[in-house]
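Per-chain residue numbering starts at 1, and chain names A, B, C, D and E are given in the order in which the chains are listed.
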C-alpha cells in the first residue's frame, strides 16, 4: 500500500506540483502523465526518497517512508534516465553488481539468463561502453527480471527500446503486477500493459 | 513564568526587522570602542622596553587573530545547527559570518607579517601558528567557494555545513600550536589563572579593540544576513505560504 | 497474490553488501588498471620535476627529499579523487547506491577502501624508490614508507569528503583541491617532519604515532561526513 | 523546390566563426568564473605546501622560490586542462565542432585561447605575489612574471594536445599529466632558470627569449596536432 | 542528391552491415530502421563523416564526401543521442552558440522565437542544467527551426518528447522536405511525417 499525502515539489522559483494525494493498492499500475517538464521525473525521485518534498509525506505500508527510510528503500527499485550502467564492465558484471548493491545478489547463471531474455545473449562479453543506446537500456532493465522487490519506479523505461523489447518489458511489468507488485512509471509513447488495476496520475498543465 | 518564544526569532521574517533595528547601535558602539581603543593603544599605553613602538601593532593583531578563530567557530556552529535542525536562519547566518571571518583572518596575517619584519627580520616564516592561521584563511575561502558554486541555496547551505564542521578541527590547532610545537611565535600571555603578564594599559587597549571588532562584526554580519534574507525570501515568499498552508 | 512483504526477498547482511560493493569497485580498478600505473608515473614525474626546478645540489636534495615526495604524494592522491564518485554520479550508479540497504557510511568506507588500494598502496611501494633518488638513507626511507602507509588512507578519507561535497559542480576538480588541501596539511607536516627527524637522527616515533592517531580519527569520522555530503549532493 | 545548393545558406567567414567560438567559450568561462578563482587558490596552496614540506629556512626558500612557483603553475595549468575538451566531448558539442566549417586547427586555437585567458592570465597576475612570500626581490619578481606570461600559453597549447589525445579514455586526467609533463619540462627549466639568473645578478634575457621562441613554435605547430588528435579521438 | 555506395561498417569483430547502396533525391525522407544494435547510429555517424566506413563511399551532389569534406559538412546538420547542450548556458545562448558554430549565426530575437515555438518560452532564462529531459531535447531541436542546411541527419529525435512536441517536430521535418531538403532519421516509435517521397533503409537482422 503506497500513499501520497499532499505532496508538493518546488524547483527554483517554480512550484511544479502541490497537493498530490493518492492511495495505491498492491497490483496497481500507475502511469504518471504530463507534458515535458511537468515534474514526472521529479515526482518519481521524490517518491524514491532521492530528494525531499517541499511539503507532504509518502507512506509505505502505513509507515512514513522518510522516517523508515531503510525499510522503504529495501522494498523499491528505481530506474531513472541515467541507468547506472558502468562503461567498463560487461553486461553480466553490471547486472550482478547492481543486484548485489540492492542486497539481491544473484548467481552468474541467473544473470546470463536474464540478459539472454533481454536479447543480449550475443553481447555478454562486450564492455557496455560499445553497446548501442537500446542495448545499454536493456542491460539496466534486466534488473527487473531478477528482482523480487514489490515497488517499481520506472522513469521512461521504454526509451530507446525497439518494439520487441518494449513488448517484452510490458510483459515483465504485467507479471510483476499480477504477482501483487506495484509500478509507477512514466512514458510519452502509450504502451499497453496487462494490469487488473491501472490508473493515471496526471501532472500540471504548464 | 512566561516563556519567551525564542523560535520566533529563528524565523527570517521576524529576524529581519529586528536586525535592522540593532545594526545602528552596534555600528555606533564599534566606532566608540574603536576610538577609545586606538587612543589607549597609541597614546596612553607605554612604549615597550624591548620592542619599541612597533609593538603597537599588537592592538590590531591580537584582536583580529582572536576574532578570526572565534568567527570560524561561530560559523561552524551556525552551519551545524542549520544542518541538523534544518533551520534556515542559522545557515544564512553562517553564510554571513564567513566573509567577515576571512577579513579578520587576513588582517591577522597581514598585521602579523608587518610585525614580523621588525621582530623576526622577515615577513613570513613557516611556523605552526602562522601556517595554521593561513589554513584558516583557506578554509574560509573553501567554504565561500563551495556555497557560491552551488546554485540551489538549500543544498549550498547543507554542503557548506558539512565542510564548516569538518574544518573546525583546525581552530584548536591554531590555538594550541604555540604549545604543541616549539615556534617563533609568541605564546599566550593572557591567562585566566595567572595575572596578565603585560602592562595594564596594553591589556586595556587590546580589550577595547577586541570589543570594537566584536561590535563591527555583529553590525556587518547582521547587515549581510539581511541581504541574504532579502534575496532569498523575495523568491520564496510564496513557498512560505505553501508551507504554512500545508501545516 | 503476493503481499509485498519483505519475507520472500532474500536479504543480504551489511557485511555481504559491503564486500559486494568493494568487489565491484576493485573489479573496476582492475579494468582501469592503467590508472594505477598512471598515478605512479605522475608521482614520479612530479618528484623528478623538482630537481629540474630548483637545481641539483645533492645536499640540498637530501634536505628536500622527504618534503618533495610527500607533496607529490598529496597531489597524486588529489588528482585521482575524481574517480571516487564522479563516474558513479554521471551514470546514475550513485542513486542506486543511495537506495541500497547498506548504511551510507559503510558504502563510503567501501569506496574509499577501493580507492586507497588503487592509489595508496602503489604510492607506498613507490615512495622509497623515489626517496632513494634524493639520497635518503636506510632509516629515512623506512620512516618515509611507514609515513606514506599511514598517511595515504587519511588523504583518501579526507579527499572523499571533498569529492562528495563537490559532486556535479563545475570546476569540481579544482574546488576539491581548494577544500581538502588545507585539511591535509597536517598529514604533510607530520609525514615530512618524520623523515626529517629520522634523517637528523632523532626518533620519528612521535610523528608516526600522531599520524596513526590522525588515521584513527578520520577513519571514525570521515565516513559519516561523506555520507552526509552524498545525500546533500544528490538532492 | 529548393535545390540543396549552398547559395542561400548565409555563410560566415572563418574570422567570424573563430570569434563566435571564442565568445562562446569566454561566456562559459564567465559562467564558471568561480573556476578562475579556484585555479588561483590551488596555485597558492601548492606553493604554500612546499615550505611546509621542506622546512622554512628563509635562505633555502629564496633559493627554491622560482622553481616552486613554476612547478605549481605547471600543475595548476595541468589540472584545469580537463575543462578544455572533456565537457564538450561528453555532451556532444565536440561532434558539432568537428562538423563546423571552421578549420579544425582554428577551432583548437580558439579553445586554447579561451583556456589561457581563464587560467594563464590569473596565474601571471598571482605569480609575483607568491614569489614575494619566498623572498624574491624586484628583479626576480619581474622576470618571474615575464616568464609566466610567456610560458603559460605554451602550457595551454601543449596541454591541449594531451587533452585531445586522451579524450574519452578513462583515467584521462592522469594520462594527460603523463603525456604532457615531460613535454613541458623545457618551459619549467627555462622559466625557473630565468628567475635564478635574475636573482644571481646575471641577465635573464637569454632564458626569456628562448621561452618566447618556444611560444612561437608551439603556437604554429600545436593547433594542427590538436586537430589531428581530435579527429582520432572521435572516430 | 545523396548516394551511398556499398557502405560497410565494422565494430570490433562484428560486421554491422555491408553493401548498402542507395540514391536519394532532394525532398526524400529516409527512415533508417532496425532493432537495437543493428547499426543505425553507426550509419548516421558514418554518413556525417564522424567515423570512417570500413568500405564504400558517400557521394553528395556527385562529389565524394570524404574528399570534399568541408563543402559536404557545410550542407548538413547532425543531431545525435548526445545533443550538445551546455549545462551552464541558457537555452537562448545554447541555440545561438550552436548556430554560430555551424556558420549560421542568428540574432537573439530569432533564437527566442524558435525556442518559443518549441514551447520553451517560459524557460528561456534558466540554465539548461535544470531543464527536464524533454526540454533539453527541445533546445537541441530548436536548431532545426533556424537552419537552412539541406541535409538533416537525426538520431532518434523523438526520444523523450511529449506528443505535442513530436507533432511539432514532424511538422518541421515535413516543411523541410517540402522545401526540397532531405532527412535521414531513426526512430523506434512510428511517427507520421508528411513527405512526398518516403523510403525505409532497413538494417540487419541480428
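Everything below uses one rule, namely that a residue touches a chain if its C-beta (ideal position, glycine included) is under 8 Å from a C-beta of that chain, and two chains touch if they have at least 3 such contacts.
Computed from a predicted structure; not experimentally measured.
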More contacts between chains, A-C or B-D: A-C
Far-end chain from subunit E, centres as C-alpha averages: B
Distance-maximising chain from subunit D - centres being C-alpha averages: A
Centroid distance [mean C-alpha coordinates] between subunit C and subunit A, Å: 35
Intercentroid distance (Cα basis), subunit C paired with subunit B, Å: 32
Separation of subunit B from subunit E, taking each centre as the mean of its C-alpha atoms, in whole Å: 57
Subunit C-subunit E separation of Cα centroids, rounded to whole Å: 44
Of all residues in subunit C, the ones touching two or more other chains: 32, 90, 170-171, 175, 178, 181-182, 185, 189, 235
Residues of subunit B touching at least two other chains: 131, 138, 141, 145, 149, 152
Where subunit E touches two or more other chains, by residue: 81, 87-88
In the complex, subunit B residues that touch subunit C: 83, 128, 131, 135, 138-139, 141-142, 145-146, 149-150, 152, 154-155, 158-159, 162-163, 165-167, 169-170, 173
Partner subunit C, residues of subunit D touching it in the complex: 32, 34-35, 38-39, 41-42, 45-46, 49-50, 52-55, 60, 63-64, 66-68, 70-71, 74-75, 79-80, 82-83, 90, 170-171, 173-175, 177-178, 181-182, 185, 188-189, 192, 196
Complex interface listing, subunit D residues touching subunit E: 1-4, 6, 8-12, 16-17, 20-21, 23-24, 27-28, 31-32, 87, 90-93, 95-102, 234-235
Complex contact set, residues of subunit B against subunit D: 122-127, 131, 134, 138, 141, 145, 148-149
Parts of subunit E lying in touch with subunit D, wherever the complex brings them together: 26-27, 48-52, 61, 70-71, 73-76, 78, 80-89, 93, 97-98, 100-105, 148-151, 179-182
